[in-house]
């Protein structure tokens, strides 16, 4: 984990409402593992005390990039970030995705920025299976060609049918899962909570392993403040686990969904 | 007095540490009188609740411009203002300089941004007299050629002698005043408090009229909050006068200097 | 759908056509913002604090900017009740907007005198009582933080007028509920929450306080979460209306106060940042209510869930 | 000229090599920031509040960002005193930095028990006593705002340890001086000022509070002017040292607290914004003192003028 004054190499509209921010980050970039995130201090937003967490989309020895969407004051202010501007970053943070188990077919399931969060894992996995991408509309479906170029079989669903099949990501996942032999499949998911829960429920029902990247509001990002906790099952009940440190990736079996 | 969403036409280094900010301001520009100011809301500085007051340097039917120097968090953040960006302005505000009295020779005395504050007056005065400009060093002396082009006899003093005579503005003013006949001269001054007081003291001593543009920290800028008050002499003692509304220009005779 | 929502609220017998006023001391005596703001669009105007006699106030500097806020120690300068009536009431003859006059005193008798003087003119619609003042007789104890002194002021003001009286609570108390209840019990028509919070800034180069008065009141967005909590707490215990204020910059901020329990709201420091704030807040509340299909702003008051 | 200034300060018998610690709850239990911050450069580490027994804390959401600040209602989850000693004390064997453990309880006896449990381990150098907690026995009255309850806690803690005890005052009182004096009278070695300020935010769409606990504590730059005032006031009346905190983001902020009367300072919310803050503050104080030719940071404490 490092704190690094990075420099903006590129900042542009990526697709639809998503922007790509590429930063020169020689201290953080090379350390990034799939599923980890960075904690970004928004330049010039002087009334904000908190950083904002973003999954690392791509990373190499010199740089890293994120994909983000403006949803509030912080991400809106990020749109003003200028090329060449310094951006203070903490990272890489958190516990990312594990390798796929021996002989398992990896399946990726993504919604929203989940595509960005899964890209490094998609690249790192030695076997390429099926990737299910869901979104509201065509513009929300990111990186299909990039995942295909890595060798993934990408299946798209959109709420409005403007790309791929109309419906939820689970509408595509369920029939496909039904065709597979038990135990042969391992799931890696990142997206809205409802999607993660749906994926987790299916995995538990079918006895599959599912790795869910959880999204919680964060303050410190390093495990110190206990803001980002989720309930993790223990033998006797549950305990708080920190999404930023113990996660964001958790085994679906561990998660106690009670909200 | 108007509130106007202006647009940045030009923003550049003017000289030394001073920048010029030119705004498209068709509602405010045409109303500006010499010595008045505008109250500027600094874009994107979200932790600041107060506007910042700036004298109008130039104004016409479509636009106005200010000259400013970065001295604190507000003016530093102003350097990020981008061409085309909207800037919310209140103006024109305050009571500016009066016309020069019949048969009087006008004398301008400026330090710092005072040159900007006096330019419109210099242009408006029907008679062009002598202009005394003082500053720390050559880079602080603004607009000499512009004032000369208007017909003013400009005399420069700098603390370090890097331009004009070495010394304070009063070192140049005093001998010149000594040469003039009493009552024939009227002073218009804008600059640091010490300079204004020195000018005021001389005027009172010599029975001259001096108009001083006072600089006080402001909050509302329109006379409502009573932040910017100075002591104004009354028959029985003194009362508070609002620099933003009753001033910034006051007759030196009115001012009770007791700080 | 989208019927025009009913924006009217009542503060005692005072009828406001919308729930938005301006905070005392941030909007002068009326004329100052009249060029920029159509005063008759406001639910009410609340003017700068007035005492029985003219008062000179503090030395300068009187304000200082802080993170998302500002300090002020203006020191309540003013023309006194008679001076106010003479200088400013005629101006209001040209306007229909309800006029709330904020009052203060250094002794209980002062509060009584200024109330009497302002009870007479018909153009004064209500009095807001600033109790965040030191009592000179009681050696500087604050009316706003000592519940017995507090009651004595409210009783005195109540005894001198039948106009609506709004008691403006001091925020720096351990339990705002005691003061809100005391105001209600003493016959106040409403409470307003909150005054600026006692605070200070020191210049490290000069080692002198940034304000001539050394300490001052903190206002602006910085204090909004404190104000929301105090309004919410007071709303649990009193039946009289609450005027909420503290860092309101947008209709969303105002709605937050209303949901917390405020019947009306006041825009203060935001006037300095953007004089159009109060009008934007009015329009914003109205269109939000319309969009949600809420018939009257009153239906939203205190509807916080959970 | 520019001789290395003496940065040492003492909090009771606790010697800090510089006046900067971190605020409880913003720096975890020690290991969390160890990758980013050289812990041994700090004057002391103050860890998250510990109670006698393990505690589960509040539901989420636990924090919410506000203008120049944040709300938190973490709810003091923690491993309990025994858990803390087992899990975290070994970590500190590798460091020389003084360790201040923040403690809390729901009853006076709880405070006594956690003090006893933490009195034993030599690695615990001092206790900071969080009194901003409701007393379950007294129906939720707050230890920090009721001066009798407050005394009973300080007495209890004092009776159970000879280690330095620092009483962390609640800010939401009308007169901080009473509490600072009471702490001193009960034998406290220092007071720390201020805890986060009770506050609230409501989501207007859901009409639910933004925190699961409904209310929380406001911290960050927004509250700095309040904290400066409280430190300045307390410094007028007590002789024991004060640890100042509330929105410290820079060495200038820290110097402001020191000039107001704080012997040491704590960096809280700023750790989230920039984990290097505490180290920057230390370096900044040192070079400022050197530039001014001030021989020791202690010489600056409480030197406000006018």
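Letters A, B, C and D mark the chains in the order given here, with residues in each chain numbered from 1 onward.
One rule holds for everything that comes next: a residue touches a chain if its C-beta (ideal position, glycine included) is under 8 Å from a C-beta of that chain, and two chains touch if they have at least 3 such contacts.
Computed from a predicted structure; not experimentally measured.
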**Request:** Could you work out which chain's C-alpha centre is the most distant one from the centre of chain A?
**Result:** B
**Request:** Can you pull out the chain pair that has more C-beta pairs in contact than any other?
**Result:** C-D
**Item:** Intercentroid distance (Cα basis), chain B paired with chain A, Å
**Value:** 56
**Message:** Using Cα averages as centroids, what's the distance between chain C and chain D in whole Å?
**Reply:** 34
**Asked** Cα centroid separation between chain B and chain D, in whole Å?
**Response** 48
**Asked** Any idea how many Å lie between the Cα centroids of chain B and chain C?
**Response** 36
**Fill in**
Residues of chain B that touch at least two other chains are 46-48
**Item:** Per-residue multi-chain contacts in chain D, two or more chains
**Value:** 67-69, 220-221
**Graph class of chain-chain contacts, one of line, ring, star, complete, other** = complete
**Asked** In the complex of these two chains, what residues of chain B are touching chain C?
**Response** 1-3, 41, 46-51, 88, 90, 216-217, 219-230, 240, 245
**Message:** Give the list of chain B residues in touch with chain A in this complex.
**Reply:** 44-48, 77, 80
**Item:** Footprint of chain B on chain D - complex, ascending
**Value:** 67-68, 221
**Asked** Considering the complex alone, what residue numbers of chain A touch chain C?
**Response** 46-47
**Item:** Touch list for chain C against partner chain B, complex
**Value:** 25-28, 32-33, 35-36, 48, 56-57, 60-65, 67-70, 72, 74, 77, 220-221, 269-276
